[in-house]
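Here the structure is laid out as structure tokens; the discussion comes afterwards.
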Amino acid sequence: MQYNINENGYYGDFGGAYIPEMLYPNIEELRQNYLKIMTEPDFITEFNALLKDYVGRPSPLYFAKRLSTRYNTKIYLKREDLNHTGAHKINNTIGQILVAKRLGKNRIIAETGAGQHGVATATVCALMNMECIVYMGEVDIVRQAQNVARMKILGAKIVPVLSGSKTLKDATNEAIRDWINHPVDTHYIIGSVVGPHPYPDMVARFQAVISKEIQWQLQEKEGRSNPDYVIACVGGGSNAAGAYYHYLENTDVKLIAVEAAGKGVYSGESAATSILGNEGIIHGSKTLLMQTQDGQIVEPYSISAGLDYPGVGPMHANLFKSGRAEFIAITDDQAMTAGLELCQLEGIIPAIETSHSLAIFNQKKFKPNDVLVINLSGRGDKDLNTFINHFKL
Amino acid sequence: MQYNINENGYYGDFGGAYIPEMLYPNIEELRQNYLKIMTEPDFITEFNALLKDYVGRPSPLYFAKRLSTRYNTKIYLKREDLNHTGAHKINNTIGQILVAKRLGKNRIIAETGAGQHGVATATVCALMNMECIVYMGEVDIVRQAQNVARMKILGAKIVPVLSGSKTLKDATNEAIRDWINHPVDTHYIIGSVVGPHPYPDMVARFQAVISKEIQWQLQEKEGRSNPDYVIACVGGGSNAAGAYYHYLENTDVKLIAVEAAGKGVYSGESAATSILGNEGIIHGSKTLLMQTQDGQIVEPYSISAGLDYPGVGPMHANLFKSGRAEFIAITDDQAMTAGLELCQLEGIIPAIETSHSLAIFNQKKFKPNDVLVINLSGRGDKDLNTFINHFKL
Amino acid sequence: MNRINQKIQENKKLLSIYFSAGYPNLEDTKSIIKNLEASGVDMIEIGLPFSDPLADGETIQQSSTQALKNGMSTALLFEQLKGIRSTVTIPLIIMGYFNPILQYGVADFCKKCHALGIDGLIIPDLPLAVYQEQYQKIFEHYGLINIFLITPQTTVERIHHIDKQSKGFIYMVSSASVTGGKSGFGNVQIDYFKRIEKMRLKTPQIIGFGIADYLTFKLATNHAKGAIIGSAFIKALTSNGVTGIEDFINQIKNEQNT
Amino acid sequence: MNRINQKIQENKKLLSIYFSAGYPNLEDTKSIIKNLEASGVDMIEIGLPFSDPLADGETIQQSSTQALKNGMSTALLFEQLKGIRSTVTIPLIIMGYFNPILQYGVADFCKKCHALGIDGLIIPDLPLAVYQEQYQKIFEHYGLINIFLITPQTTVERIHHIDKQSKGFIYMVSSASVTGGKSGFGNVQIDYFKRIEKMRLKTPQIIGFGIADYLTFKLATNHAKGAIIGSAFIKALTSNGVTGIEDFINQIKNEQNT
């Protein structure tokens, strides 16, 4: 079975490009060029040099001793939190800004939820001297104020989005509208493995550096390049896609995707797409999404802005449907508790998104000799107030 | 001439251990053991493994293209901002916690100004399961609120210091008093190359990894291991000590130390110790400090909490007196402007401490072929509000 | 022959009006349609509201959101359209995003449209290629015309391709914009209109986006078979309600001081 | 013979009092000294205030800070002490941190002390080794005794070493603490006092830190030649001023209800 994308832009039944004609030229330009650009030697050189010298890759694969002892299994953390700007998001924005440059674009738009993708986009725009406009839901602007400040200081323009649930989904709509309004000079840097083909594939390829590094790092540490489990949280699914990428077709490696169950999967305030969603179209892609019987998209909820999205990328829809990945839903409270536990056991403050992955130990037992790699997708500096308020510290 | 420490614990005329008898056993225990511990193979292995897998070293040496173009010279940034917790401080706290463990201590105290050292200490205490008490001036608690939140989440106890100028100097006094009160079980992790011997030397050795990496990284990039200039900001001087360390005796490499001139060197609100200070004793060390004719220590001022200190480490006092390093004073405004410039040219938000180093281009011209290494000692996430307010963004 | 094709053959410039079903009030659908026909409109696009209308500007977004809040749904819209053909004769087109149609079931949806006397569909986010591969047969089976869009950025090759696949008319988007953008046309648009005119496509074009009044309607229809008004009409509905429809249409059709 | 050594030879337990010069009022120095002597105190430590007294607790910190605010300085203290020996006969010791002394010039400082009739110095942050290497000759030249400290953590070897170097008395810090800590002694302190007693050092010990009242003074002097009161005295000064000194000293010397 094939878990990566096929030549038509689909992962099994999922994917494609369900876009209005207004976006056809942009998407087509990208589709025709992305693989060509990504395989040009000068692109590869520039991309790799920036990943190394600017982003700080390779990110370490850290054996979490105290956490491993606590749960009596072998836990490695893939330290994407140590990347420049503090999350995996920058792997993708570095890649896309280089693509945009080669496509002759000079204006960049992006959506953001947690603000990490917005910061990562504002960062590469500063680096490449491009105009940067970031769409962000008003709810997220409040709960991720720190990242808003960072974007401003980096020179980006932030446009508050007031429609819908005023979160990531709505910011994405607004970014797409901007792109329709600026079809020639603008590149839209999508922040996850969502959107019309070729975005899911392009973003997954840029994030694939994560699993590529895990392979040799684990070889160094454990004498084997395959862990038993790779575990990642899934909002749109880009950090998971990157962590799974080189293991997709290798079924010795079990994949676990962790979704946000908000106040409880069936509480009406949740973002657990795999359980609550079914097949449909969101943001140009056929995938799983949370929707009414009528096909209206449901407003999701999660304490973490980056998982507060009613869909998942088409790769993940296929991993779910095929059973290739196991999906686990984690509530706000479970995530917060697991996040705080990591702080106090390992001295690492994880993003609340990431904290969801760390909470799987409540739901699943592992064997003492199991080798787990948890993708530590981002640091929690943006979430300090949420932690402080949640635990009344 | 010798610029590193001599066997008596002095850099030229500076250094020594001017401590009350109450601290004699602690300091003596440390003095007798630190070099022995630091050269034990198992210490070296553990230290290096943590630097690599936990801290994320080596930190990149990044060629800043747009900044170099702007100032028509070759500027490399040593990316200590990418370290876990966001500054160079963790190099030292990792080292000291391993020393403390080997000395059988289970209670850790620290002072902090910017909060970076406090966070770095809280972090390693969580990692090693030790009690952590951090002394911090009340003024700094307000202006570095983000780091206060981080320390709390990491499980540290923060003790507000209300004496004196309520900043770094006073926090240091208070930490020393704590140590006097807890002479047996407690290790004091000093955060800079200050304090009684052997602290300046021990901290410098832990930070020396910075210049060790610069040597091979620059060799890779420029075919030479010696830059023309190494530039670093100096509060107590630990990031500078680390960046200079392997170049100290190599006078082909010019050293530039950047101090905080606050509202102007002679404004009465400054922390430019080399200009305003003279020889004296502060925190157990003979060095340069800002003092009245009567030997009372003067309360310093800088917009940056980490440079808001009336002394410098004895190594720097000697580098100044001997002329080995050039000292440049940068005002609040100059630093803020240079910090914002880096954000918008390179997509890197520096700490305000670090921003001082970036402002030297206002005061000094370099040749197009000069190779400069600026130690990017920390990231500016803790300073976002200060940036936003300063520039009314 | 499909009512759209019949209408196209009439020797006149066509005025088509878009509205969001269920707005301003849930039960306005039928009376809006009747009023539009009575006012002399040539064709109607009934908007099936969607929660996330990503090709639409604020006006249509808000009318969709309100319509959904009012309780509009696919089933209800079909319910409201029952018997519409007993009085209304002009072409009726349903315009909606693909997901609600997909959830209803594309075949069921088409079957229902056919039964109600709907003549065509505009589904902005159903790309031509997917339509052809998966849905064209169903549409044709139920005698529904699927309307394709072109924009100023559409390449010549693709315009010819779309022309070949099109029945009824081509929805010619006046400028690179979501709906409800600035109204009025500059030289860029006029050049584009002329460029398309010169291509002498087999399928007539109806221009949409940015048409709001007599002048823009006139300008657009100088170069095309007709023009579509959406956001401007919804704004008028918001201000003046169903009873104001006749006045609004008169203003479009007759030069007068506004 | 130095007044300290003479005093030590007296067959009695010694009460020594510390105060910060310039506190509560800038000009109180002389009258505090006189009142102390009049009240029967055996020895006085005159605190030269320092901005950053890192071995001191809150009480002495605050008195130092206030003294500096009042305008106290090294030169002024010397000025105030001029002629003190015309009336005061008990030993006078200056206790201060090293930096102000260094800035004055150690030799000048000692010379001045000598001229004024000061008998000794306590400089907590001037380590024994540095003293021996650099300053001992100067001190001796001016007949000043430098007083060294021992603490419960000081090793036996070091105690012997300090004993050998000491003249006058050894300042025996009662517990691991800055000044002004909890007053009162537990078993740990008593054991420590006994341990030192048993060492039969050549230099008499005077115990400081944690002595506040009759009971603690009594306990300490059971095991040592004398005891020093600092923070408790300063607190009394803060509450009752210079005129309350006699009462305070009486309370220390005589068992009574407090």
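For reference, chains read A, B, C and D in written order, and residue numbers begin at 1 within each chain.
By definition in this document, a contact is a pair of C-beta atoms (placed from the backbone, for glycine too) under 8 Å apart; a residue touches a chain by one contact, two chains touch by 3 or more.
All of these numbers come straight from a predicted model, not from anything done at the bench.
Student: If you take the mean of the Cα atoms for each chain, which one ends up farthest from chain B?
Tutor: C
Student: Using mean CA coordinates as chain centres, what's the chain A-chain B distance in Å?
Tutor: 35
Student: Roughly how many whole angstrom separate the Cα centroids of chain B and chain C?
Tutor: Result: the chain centres lie 67 Å from each other.
Student: For chain A, which residues are shared contacts with two or more other chains?
Tutor: none
Student: If each chain is a node and each touching pair an edge, is that a line, ring, star, complete or other?
Tutor: Looks like a simple chain-to-chain line, open at both ends.
Student: Mind listing each pair of touching chains for me?
Tutor: Pairwise, the chains that meet the contact rule are A-B, A-C, B-D.
Student: Quick one: in the complex, what on chain A touches chain B?
Tutor: Per the stated touch rule, the residues are 52-54, 56, 59-63, 66, 79, 81-84, 86, 122-127, 129, 146, 149-150, 152-155, 340, 343-349, 380-381, 384-385, 387-388, 391, 393.
Student: Can you list the residues on chain D that touch chain B in the complex?
Tutor: The touching residues are 50-57, 61, 65, 68, 73-75, 97-104, 124-128, 130, 148-151, 153-155, 158, 173, 176-178, 181.
Student: Sort out for me which residues of chain A touch chain C in the complex.
Tutor: Per the stated touch rule, the residues are 16-22, 24-25, 163-164, 169-170, 173, 176-177, 180-184, 279-284, 291, 293-297.
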